[in-house]
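Each of the two complexes below includes subunit A, the first together with subunit B, the second together with subunit C.
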Partner chain A sequence: MTALLVAVRKDFLLQWRGRAQIIAIFAFGAATLLLFSFAIGPDSVALRQHAAGFLWLGLLLASTLSLAESFEREMEEQALEGLLLLPASARALYYGKAIANCAQLAAIGAALVPVMVVLYDAGTIRLLSLLGVIVLGTAGLSAPGTLYAAMTAQTRARQTLLPLLLFPLVVPVLLAAVKATSLLILGDPMGQLRPWVSLLVAFAVVQWALGGLLFGRVVED
Partner chain B sequence: MGVPRGPAPKLLVALGAVLLCAGSYWGLAKAPGEVFMGDVQRIMYVHVPTAWNAMLALTFAFVCAVFFLFTNSWKWDNRLEAAMEVGVLLSLLLCTQGAIWAKPTWGVWWDWDPRLTTTAVMVFAFGGILALRAFVDDPMKRAVWSAVACIVAFADVPIVYFSVKWWNSLHQAQSSPETVSKAFHWPLRINAFGILFLWTGLVMLRSRLAALRLRSEIAPPLPERPRRAGADTEASGSAW
Partner chain C sequence: MIAVAAEGLCRRYGRRWALTDVSFEVPEGALVMVTGRNGSGKSTLLRVLATAIRADLGTARILGHDLRADRDEVREKTALLGHRTHLYEPLTALENLALVARFLGREGRRSALLERLAEVGLSDRADDPVQTFSAGMRQRLALARVLQQEARVMLLDEPYGHLDAPGFLLVDEVLRRLRAGGATVLMATHLLQRGRALCDRSLVLDGGRLVFAGATAEMPAPAGADGAGFAEGA
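So, the complex of A and B:
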């Protein structure tokens, strides 16, 4: 447990020191939101209807940058090998990195919400629920994302491989998060929010458990 | 590290091809047409067996991945590579046949139905793992990573299925022997076994190929050729 806390602290510190990168990733996400509106045209009704989808696609695209970056730093000067020599389990390192990645993505997602509200006129008064959906969705993205980033950071063509592996896997997250966010923005007269949130929880539980189980094998030498 | 030999895989491929021809002939020429869809329905005789076998091949790939992680034996990595390639190929065929059937029946090439979408997601998920294998040079890392990715992708399949099912549904309900006319049984069964034998043989041949490649990858480097004259015969004996 102490190892996990130390690992989380290390990753938060890394992120804090590279905060310019996080701002750049947020700017990238905001730029994609702006571009999506050009794909639909200035139809305010259609834009509002698709706002949730755009938000999550923007976040998904931004996530590949932030996840890849999180392991780039560990590859410099063979930092990862140094970490593995410490008396801490690989599992603690994985969960530390995944928690930090999830927090970073959730922060970027939360920061993209005002951009979405302004561009698409897609606001909601259920802000806490929206934040909950963002946290659950980014938890689903960051668990397999961290596992795959650990692999692809050590390969050639890493920029291509991470999204290629991650995107098909996170289809359930994308579906459930878009539906849940959409219900929050457009209203939920049939009470459909709960099953989609349960799906997000189920996906996150399965992926966080699998990631913890398998990460040790991924980084072993 | 021995590479398996023997004629079994080629015999299986031949047997599979013969059965597939026989089953397809039966399905196309002998079996009665379906009441509502007419001849369009006859694609079922390859489509349904392809679906069963694609699932089976990818399940076998998952089993190979688990066995590799537990045993670290190269033969499971070779089989994993072979089964994933064959599974992705069968899934691609499945999507193509589905589109050919869907156009005259539903009026569209593609529909966002759970089974269709899940198959497409599987093609991309497992295709991505094949791409990962192509970009990793270290055989051990390649084997471990693709086994891990295969397990994660396979665990994802039921979640993808249910999420898309909630999202949208149009595909026909699954058929069981009770809901399919007896006249359709035999061509379906023959083709199912035909494709099963075919892919089993192909997986065996492909895993031999993987074993040969692995042997050349982890072979010790050839000794440097001495510069003095007449040394060629001495050095050539140790290379394999």
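So, the complex of A and C:
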């Protein structure tokens, strides 16, 4: 537990020192939302209908930058190896990094909501529920994303490999998060929100457990 | 007691064998120079002993702990100063040392960490991010990081790298202190005169094979400037 707290603190500190990069990733996500709105055109009904999908696609694309960046600092002077040799628990290092990645992605997702409201006229009064869906969705992205980012950080083609590995795996998260967000924006007369949220929770639980088990094998020689 | 006992260590990268059947013993408290030409396997040997990479064949015991079976125990007893510093560039010198202290379950008080930094001549840069440091300063901080571990077996790969003249004297002093404290040190270096003056035992590698293991006084002279010699200078 102590090792986990030390790892979380380390990763939040690294994120804080690299906060300019977080702003750049948010700007990338916002630019993506803007471009998607151009693709739909000035049809306000269509924009509102597709808002949830575009929000999550923007967040998914931004996540590949964010996740890859999170391992740059670990690899440039083999700092991660240095911690493993102390020895620090690989599991604690994974959960520290995944928690920090999840928090960063959730913050970017929350910051993209006003952009979505302005560009797509897609607001909701159930803001807390929307934030909950964003947290669950980013948890589902960051758990496998952290694992794959660690795996690809040691390869030359990491910028290409990470989305190639991650995107197929997170299709269930994308589907459930888009549906849940859409129901919050467009209304949920049939009460369909709960099953989609349950899918998000189940996916996150499985991926976080798997990540903790596999991370040691990924980062050790 | 034997601190390091290697038996038939082999390691390959792709098709090339970087270490082939390396066997030796190092008694506890010894200061050992590991030398040889570029690419002879010095760094690979130290990284295998530190469990940073696995041996493909053979094994070694560090203070009685097997590299494969008791990896965590080996890691508790060894500290590796590698070619890469293991430092987080955006963090300050003090934060890097505090991180190591906390992962080792120690308090990491500022005064104690400042003392550690003073040992390597960096106390006045304690709160500066590592990314503002020169290569020599990074090497000094990496050395402080390794000393912070207080391990019984120190694996130092080119500890004099990037250092200025006072830095060389600092490493000499650190090595003497480690020896006086009873630590076992394996130091990979090309600086033969320094190694001869400081180390009582030597290992010489050539093409991944161990060609000499014994007292430094009995170590053969390098073959010279025809490309077969392993020393880059004194």
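The rule is short, and it goes like this: the second predicted complex is superposed on the first by the 220 of 221 C-alpha atoms of A that agree within 3 Å, B and C clash if a C-alpha of one lies under 4 Å from a C-alpha of the other, contacts with A are read in each partner's own complex, and residues count from 1 in each chain.
Here is the rule we use: a residue touches a chain if its C-beta (ideal position, glycine included) is under 8 Å from a C-beta of that chain, and two chains touch if they have at least 3 such contacts.
Remember, predicted model here, so these are calculated numbers, not experimental data.
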* When both partners are placed on the shared chain, which of subunit B and subunit C touches more of subunit A -> B
* Asked: So, A:Arg73: does it touch subunit B (first), subunit C (second), both, or neither?
  -> second
* Mind working out whether A:Glu81 is in touch with subunit B, subunit C, both or neither, as first, second, both or neither? => second
* To do: State whether A:Gly18 touches subunit B only (first), subunit C only (second), both chains, or neither.
  => second
* Could you tell me if A:Lys10 is touching subunit B, subunit C, both of them or neither one (first, second, both, neither)? => second
* Using the superposition on chain A described above, determine whether A:Ala46 touches subunit B (first), subunit C (second), both, or neither. => neither
* **Residues of subunit A that lie at the interface with subunit B and also at the interface with subunit C** => none
* Considering the complex alone, what residue numbers of subunit B touch subunit A? -> 69, 117, 121-122, 124-125, 128-129, 131-132, 135-136, 141, 144-145, 147-149, 151-153, 155-156, 159-160, 162-164, 166-167
* Which of the residues in subunit C come into contact with subunit A in the complex? -> 50-54, 71-72, 75-76, 78-80, 82, 84-91, 95, 99-100, 102-105, 129, 145, 149
* Please give the residue numbers of subunit A that touch subunit C in the complex, ascending. => 2-3, 6, 10, 13-14, 17-18, 73, 76-79, 81-88, 221
* **Touch list for subunit A against partner subunit B, complex** => 144, 147-148, 151-152, 154-157, 160-161, 164-165, 167-169, 171-172, 175-176, 179, 195-196, 199, 202-203, 206-207, 210-211, 214, 217-218, 220
